[in-house]
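Read the structure below first, then the notes.
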């Protein structure tokens, strides 16, 4: 395809710390990487962008020795290296923060940090001192003796960075580090990155959020379909141009159409409270909300502030919740999850692998899941295979699920197609309320647009939609109203037409009281 | 098929580590309780040095099997094959013990145990077979191998037979009469607390097999290695989050392998202890399910050596009481259980566990009534004691237990990231 | 796709064959190392059984089958009911007492005893179920404990319920009256012994198991819980209830395990009543991949090996324990082979999905371009 | 590889083959259990040598089905073994069935009363022998405190206990007798768990007992160890254990209750050799020296007169020994 172009070439050749040439990697049936060429210069933040499944993570795993490339060469500091395990990469000065946290919850910060690098400062006081020192130097604010499970996502992210620094890495890979952070935390992280950069480290930064990329990166490499398309200087492009490079076409964005909101309430939640399992602050307190026919209510919040619990409480998956939940006038209190689903709730769970699918069951059985008491899936006490299969075919057709057939295991589908299947399923059986938790998390741009369309269709057909998302653009683009959840309380209502992500961000972190955009809940 | 061994509890266990003074205090309390019990029930055997020594011997195979389980599960591999590895150990001890000598018997037991451990490791770690399934298979194979080998090795050997080895010589044991005798007379006095303490000390200085001491040392060693060394940190990390460990350069497969092999070594040693200290040779069926009990004791002990020691002590104690004192001693134990349950009920009430408190209180009253209304527990029922006790304790405490996060989950190399 | 299905079927059959072959090899190696006659042993084991032996194989397999199904019900839900052993012993004892007392005449008595057996088995398993659901106690551990408790309890009750049988050293309950026994029938010509009439019940249990698991809503819920507990919860399945109910079902079937013996051969519960059947059931369920037909094949295989190895000592001077090694090895190799084949199958399927999609994409592109 | 290497057979004093083949089916444990299977095997070996039988043995597996026991007997029949001797009450039912199916073959069963035209029952008055060692224990006990360790609580072992208690109380009605069973059926591990035997005996000794009698098969070794460690006496069972037990504990074995299964087996085979195989029950009691006590080591020599007096009283029917 193309070779490193102007921006990268302009970097002084001696400054190049990582040089990837012709990297290729094939998984069974998938070419994840081919002909990848990248140069990363010292003292820069080098971003890599691309659609879901473009091969970014695979490339980084190759650079970190987790996976072996099928072809190509890796040069670090001008020397060709062979990385067959992360230890080799660490020895070569590479550190990586993964897309998902790589922490043992039941270990202390100290244990997590020193693991694998015990030779450096031992596993005792020496290490503790070193952690305190690094923490102070980079303003990470980390207590080495805290237990990881007690810490929030932001702190965990900083531990991951500390882990890398502790090993003395000079090349730091960050794979989507901002996915779970609020804008303020993102800013702090970027400050940290600039600090690192000024110390002469090279940072490789992966993100789907192009504005972020442009604000922090010096150089951007675009990856499409497993190969490098172009490398550009960050100052010289707009995010729109980047997006077009990524997908090869125009970027879709969520936009709300004319309001379809009616005044017929569908979901009415009053004083919903959920006590914590072992004492302490309630997970949810006094939640009041109403969603009308044709309305999308967006819930914004930093992960772990109760949005998952809110959804699960409405779904009846949380015993111990008090308060009233009414669906179209029907009191749901005391009803089981199944009864609530039968009463007309469709549910797109946030983690499709854990909550949405039976990965090792064929698609048509996944069609039955959650609807195993309803037509066309059942006949009396029996599962109706014919009915379920026919309806699965319908979903595959109508929702454009890319699959060779309905007998393949759900595991074999890509994330976006899995998600489309789930949406098709949850829209069956005439729901009056659709609960969508992070419906587009980690799916590619094409599927994302389709999913947004489906949600908008649902709204147009008069469904009430409860939308929980960490993607503020998505929330703003789709919702009729946005409520912010903080420490288990709804703390503010916003009009998506006028609110900015920054305002939402401050409300989500509790700094919103003096914010003009907020109105009392 | 993978299984979460302690069900689906989501309640976080509070993390208060026990410090030495508390441990000692606990010991003292236990002795006080035993003294009280002796005085109230008039059953002197509850805390005699003989009972305590027998408890030590009965507890050790269970505890060692439990240590085997602990090593494996700390590295994320459930080892229900402990029983089979223990069976291999009894044979190894009998074979090497008879044909070479008792210390060689110990090594033989460990060696055979390791063989069983390696089999489990190959199946679970290399091939990713479900851990329980592999464990069950190991148990079947071990039993077959040992029975088959026993026929080959011992039939026709004087004193041996198809199902047993000839007598194996004793391992050396420690006796310090200079201490044992005065302690003995102190024990005879039946003084409150003092006699119990004397009995406890005496059980350690009269006729204590060296292997018993070594095995006790292994608990400390395990604690030290797993919680105080780099090796241990890595091994535990593999059981908590193998993907994370792999990204930090830990060779997950290797550590799991080592852990499971070590697990086999401990289980083998447990069998060796049975054959060499508790008895004097190999016998078919000698383990009697102690491998499973060891696993239970480990869970009881919350995957920690100290807790495991307490758990196996409980087993050894109840089993010893049954064998030594029969229905009368076990009857005395009822009172202890009743007191314990009611105490627990009060504590849980304060911790706001109203429901558990109620359950515990009701059970406590039932047991107390049983104690008051009868003189002895029927002989046949005394056999249940250790098992009922374990079930009871698990029912009351299971939700406070915390197993390694990745325990029982097969791991494949390269799944990091 | 049919081609692929054939391929997959081939793979599915390859696994057990591969496993049997390697078990065969490993056993032969052990025999060689021990200096026993390899040909002699296999010659004996593979020799065609006599009619009497065939009957014994079917009878033993019947009992194994029920045990395997009982275990499999739990396995389908990721529940490890290690306690089938205790459950069937408690249940057999209860049924023997009920049948011996003959509260009802003839086959009504039999029916009552069978129901008692299922009820008692279910209750005994239910204890583990309750503990798991309400207290979070692992069923692996609790059923192990309950096995031991069952032993003590049955011993205690047996002594209370035993009848005096002068001249005999066997403690046993009252005999089941003639009219309540389940008659056997002759399947193999010239066989001096008969196949248990209960084999019919076992077949019915197998069919019911298959229908319930694969065709009913309940079965779907059960399998879904086994495949992913979290997804099951989100789909509205009350997983706690499922755990409890499937434990009860598993226990109820476990209650039947001793019934062929009780009503077809022993007619009472005594100190020589066959033990250890629950553990055999675990191996057999694994061998049969929890599939009703697979379990039947596994049960037959185990029964065949048992029966054919019995005369090894008399005829070949080799300890019959050698087949335990074979049996254990089969379990392990089968599971390994299935795992290897499963991985291969998943890869195959992923590749196909990718290829199919790629093909679709390129055709649509071609359609779009002109 | 497991039986023909036994003693006898090729010895110099042995007679020529008499052309008859005798099969023996052991209970679990088989030859070499140092207990009652061995005792039966001894009788068999003697018959091989002195009467010229060709012999074959097979042993039971733990937890096998009834059909396996039937099979075993039938296979011996099929291989032309006649007579067939079953050792242990577990064979009760199978001997009944197989004997009925093979009326031309003679069967013997040890310890069980199953009836049939071609079955002989080799039964023992264990209570009588136990009575004598009970008396011996009482006479030798200085603390008037003795113990009994039973392997598994089955009627057979309860018979040992009953006789032992009766004997001890005949000597000293006020004697304290501690009694303990290691397991309950169907858990038969009590016959094979020396560790448990040891713990139980230690408890008794710590509790004042100075003589402990065991009827616990392989667990008895633990009882001897406990006695040796606790300066007490132990009483063996079935065979003369002062000869067969390990040297280190032979000294503590006061005497053993002899249950001469070998004698019974040999006498049965003699009748077969004579062409008139015995049928029906034969009770081996004190009067025919089917049971008794051993004198190896001379530790009961001083009380031999008293014991023999009891023995005579039992033979004469003056003392009726209870069986439960």
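Here the chain labels run A, B, C and D in written order, and each chain numbers its own residues starting at 1.
We take it that a residue touches a chain if its C-beta (ideal position, glycine included) is under 8 Å from a C-beta of that chain, and two chains touch if they have at least 3 such contacts.
The chain lineup, named per UniProt: A = ABC transporter ATP-binding protein; B, C = ABC transporter permease.
No experiment lies behind these values; they were computed from the predicted model shown.
Contacts with chain A and chain C (ABC transporter permease) are shared by B. On a Cα centroid basis, the chain most remote from chain A in this structure is D. Per-pair counts of C-beta contacts peak for the chains B-C.
For this pair, chain C (ABC transporter permease) with chain D, the centres built from the Cα atoms lie 38 Å apart. For this pair, chain B (ABC transporter permease) with chain C (ABC transporter permease), the centres built from the Cα atoms lie 30 Å apart. Centroid to centroid, with C-alpha atoms defining each point, chain A and chain D lie 76 Å apart. Shown for chain D are the residues that touch two or more other chains, namely 1-3, 59, 62, 153, 184, 187. Multi-chain contact residues of chain C (ABC transporter permease), defined as those touching 2 or more other chains: 151-152, 155-156, 159, 319, 321. Shared interface positions of chain B (ABC transporter permease), defined as residues touching 2 or more other chains, are 151-152, 162, 380, 383.
Of all possible chain pairs, the ones that touch are A-B, A-C, B-C, B-D, C-D. Of all residues in chain A, those touching chain B (ABC transporter permease) in their complex are 57, 60-61, 64, 66-67, 85-87, 90, 96, 98-100, 102-107, 111-112, 114-118, 123, 147, 149, 163, 175, 277-279. For chain D in complex with chain C (ABC transporter permease), the touching residues are 1-4, 23, 56-59, 61-68, 70-72, 74-76, 79, 89-90, 92-93, 101, 111-114, 121, 153-156, 184-187, 281.
Those residues of chain B (ABC transporter permease) that touch chain A in the complex are listed here as 10-12, 15, 229-230, 233-234, 236-237, 240-241, 243-251, 352, 402, 404-405, 414, 416-417. If you check the complex, the residues on chain B (ABC transporter permease) that touch chain D are 45, 48, 50-51, 54, 57-58, 151-152, 154-157, 159-164, 167, 207, 274, 278-281, 283-286, 288, 319-320, 323-326, 379-380, 383. Interface residues of chain A, counted against chain C (ABC transporter permease) in their complex, comprise 27-30, 315, 317, 336-342, 347, 349, 351, 354-361, 365, 368-370, 372-373, 378, 381-383, 402-405, 407-409, 411-413.
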